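Given below, in the form of structure tokens, are the structures.
In what follows, chain A forms one complex with chain B and a second complex with chain C.
Right, the complex of A and B next:
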């Protein structure tokens, strides 16, 4: 049995592995990708110039420390289940494995919140996050008539990165609420405790607006028969080969929601569920901890700090030292984390998620092609929540297990029932949370 | 108008409510703690099966089979019922002998729905089955249905028949006023009724215990696996004589694998979860019998909580302690097919105190006799 299993080699997972190894724990780190970094530090070593370079430097440093840490890093590993114990199940190259650990730190990061404009399911329309993955991992810059629509820091970062790599962007539709500044401004002094975020954001926006026409508004449609051909902004048609959408990110809770008894809470500011955590990252389930954005969106620097803090907490749990030493080690890191989280209230207010489109024909669950109208109809027939909605409509039952649609159908259901989102329970997920084959699973029984 | 309260909004509660409301003269309310079809009703494997049933419930199952054939006339929808047969495979000579003995026992009682078939017929019906199969028993009119669709059909039909379904209401106990009227204690206050049905599934024996009636059940959480959509290769629902398997391909091409492999459950928190090593056993049996599915990707697995009685057949009948209270629970993982007929039987018992449906051997009295002895 190993001391500590860590899922995800993003900033939180890498920092946790480095810290835990330094403290003397035996550590195994799993990540689906071929190399460490996660989404934010993907290919960071090659990326340490240009927009986002401060983050890339931080990522490259973590990677170097991880390589030297002695942690057993397994890349190309997909975790698909966790049982009480805790015991984790994962697959590498089609072979399922089972590992028992005294502690598990889950750091699967964030997922993009889908932006269901009319036509968003057409081929040629994708998330900014996916485009960023292509940019970072394969150096693919956008080709042809590329439009970006939505809001949030990642939108501007991606645009700046794409331009710096020689990409061309036909136009951007900034869908953020122009009035949000007034609501957010009183949070600005707090945000300025860590001005780096705002400086960076402003620098990305400046670089982008110099080179790309920026429209403002929300009336956008993606048009095309078999794939995207054009977009329409305020009734004006523009040719488009690619449309990239973005409306911020939400904690990836696919795994934690599948663990029975692991409590989650609604975060009204970020309009998303997150696992209930103590300051070290302990969940309500023994042995299972969470670090990084999957416990609440805080960004890469806060994630790395929470990874280290969780590792210190795990080491103390396993008897390496007492709580006094634990608190002495983690205290300064918690103060730093507090600073890193200072701009969050400002950003969350400025970029509050866009409302789910009211049009009845808007597809919210793309796997099962369930529209907003179908969900409203189910609510009228007496459907009480998102879990029951599966029976009424099959929403959330497709191959993605609600990964994409959960925030949308949760919001739509709350609106249809005139209930606060916080009162509407989250959709339950079930293991395996990532697909594996019958044969892979069967091999475990031999 | 007489008042009836049905505790539990699963299929058996809904079916009982529907049949009672259709009799006329009854105001029927269903009390459901969470939402309709929350536990095993909505998430079972959907087998519509007479094949291999305990002899005490074959009679009810045969009536239910006729009702499944007529389901559109009963609830306005066929529940996705596809009567492509249920097959129990023999993988050895011992299995053949076991199935032949079973067939002789049902035929001796006058039921002829179970038929032995040879290996060639098995391969004709199941071209993708592994070559080691020796023969099988089949019930050609059996098949499978869609549990959620069936729940929704019964829900709709019950409401159209005048049943009031109250969701999000918890029942804490059952009592009497002393004058023959029953009182159901809920978290929204007491509710009175002339007749009460206890269709509370895994939580029903707890309600019975609350009035001093001991009907032992434990909870089970059978697991199911569903794969991605595959090309069509299997119409019947397939089991094995010696191994725990239930295998079917749905109308959209996904393969649903079950067989009673158990996950973990927690009655107090109303939750269940998978046991992955047990799930691996189900996957292994499926892949050995249908090698074609070894490469299919699993997209989901799930469990649902259900009550199991010590003798694995349900409890249907009037309480031995509280006249006017009728039990219908403990279906032990095979109540889905029975629901149209069991609901009709319980409704008849509630309305007229007797029924000519074959449920006498399922009476809760069998446990009281045991306790006395």
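Right, the complex of A and C next:
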């Protein structure tokens, strides 16, 4: 049995593995990708230049420290179940494995909040984060008629990165609420406790708006038969072969929601569920902790601090030291984390998630092709929430297991039922949380 | 569309046709760089789909890789000579 199992080699998981190894715990770190970094630090290099370079330098430093930490890192490993113990099950190279650990830190990060528009299932429409992954993992930059629509810091960062690498963007539709500044402005003094976020964001916006025409509005449709051919903004048609959508990110709670008895709460500011955590990252289930954006969106710097804090908490739980030493070690990190989280209220208000489209023919569940109209009909027939909606419509039951549509159908059901989103329960998930073949499973018996 | 900023170093096949790629990059990136727009059709309506999230979350990029069905092209890394084909399941309807 190992002391600590960590899921996810993004900033939180890497920092937790580094800190726990330093404290003397035996650590195993699992990640589905072939290398550490997670989404934010994917292929991060210490010699990076240009937009996003400060974050890349932080990522490269974490990767170097992780490699030197002595932690047992298993890449290409997909975790698919956690049972009481805790015992974790994962697959690597087509074979399932079981690992028992005294403590588990889950750090699966965040996913892009889907931005559904009419026609968004057409080939050629993808996430801004997806395009950034193409840039980071394969050096692909946009060319031709590439449009970006939505809101949030990542939209501007990606556009700035793509332009700096020689890419071309035909136009941007800024879908943010022009009145949001007025609601957000009183949170500005708090945000300025960590001015880096705003300074960087403004520099990306400045670089992009100099080079790319920016439209403002909300009415956008993707048009085409077998692939994207055009977009329509406020009734005006523009040729388009690629449309990149973005509306911020949401915590990845796919695994925590599948663990029996692990409590979650609704975060109204970020309009997403998050696991209920104490300041060290303990969940309501003994032995299972959460660190980083999967516990609530805070960004890469806050995530790395949460990872270190959780590792210190786990070491104390396992008897390496008492609570006084724990608090002495973690106290300064918690203060730093507070600073990194200071701009969050401003950003959450400025970029409050966009409303789910009212048009009945807009698909909300991509896998099962369930439209807004079908969901509204189910609600009229008496469907009470997203879990019952599965039986009514199959929404959330496709290959992605609700990863993409959960925030959308949750919001749509709340609207249709005229209920506060906080009162609508989250969609339950089930293990295995990733597809598993019989052949993979059989390896457990060997 | 997207263009490459770095050179390719190997070749893979899509529906039997050779396309250039970089070993170790996501298969989905190699196909997108080669101008492939349709990775699969859906089981519900037969509609065409292509990568959406590029991080293993959305399952829209499912392809057949070296004879194995339903592989996520975004999470499968290119190896020289890799043979990929679209997933075109029978449509069963909603």
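Here is the rule we use: the second predicted complex is superposed on the first by the 442 of 446 C-alpha atoms of A that agree within 3 Å, B and C clash if a C-alpha of one lies under 4 Å from a C-alpha of the other, contacts with A are read in each partner's own complex, and residues count from 1 in each chain.
Operating definition for what follows: a residue touches a chain if its C-beta (ideal position, glycine included) is under 8 Å from a C-beta of that chain, and two chains touch if they have at least 3 such contacts.
All values reported here derive from a predicted model rather than from experimental measurement.
When the shared chain is aligned, chain B comes close enough to touch A:438, but chain C does not. By the touch criterion defined above, A:179 lies against neither chain B nor chain C after alignment on the C-alpha atoms of chain A.
Contact with chain C, but none with chain B, is seen for A:124 once the two complexes are overlaid on the shared chain. Comparing chain B with chain C, more residues of chain A are touched by C.
When the two structures are aligned on the shared chain, A:430 is found in touch with chain B, with no touch to chain C.
Look at A:392: by the touch rule set out above, it reaches chain B but stays clear of chain C. Of the two partner chains placed by superposition, only chain C is touched by A:226; chain B is not. Comparing the two complexes, residues 398-399, 435 of chain A contact chain B in one case and chain C in the other.
Note for the complex: chain A touches chain C at residues 32-34, 39, 111-112, 121-127, 129-131, 133-134, 137-146, 165-167, 226-227, 241-242, 252, 366-370, 394, 398-400, 403-404, 435. Residues 81, 83-84, 87, 89, 98, 259-261, 382-385, 387-388, 390-392, 397-399, 401, 430-432, 435-439, 441-446 of chain A are the ones touching chain B in the complex.
Chain C contributes residues 1-6, 22, 24-26, 29-30, 32-33, 37-39, 42, 44-45, 47-60, 62, 70, 74-75, 77, 94 to its touches with chain A in the complex. Residues 35-38, 42, 148, 151-152, 165, 167-168, 225, 227-228, 257, 264, 266, 269, 271-277, 279-281, 283-284, 286-288, 293-302 of chain B are the ones that touch chain A when the two sit in their complex.
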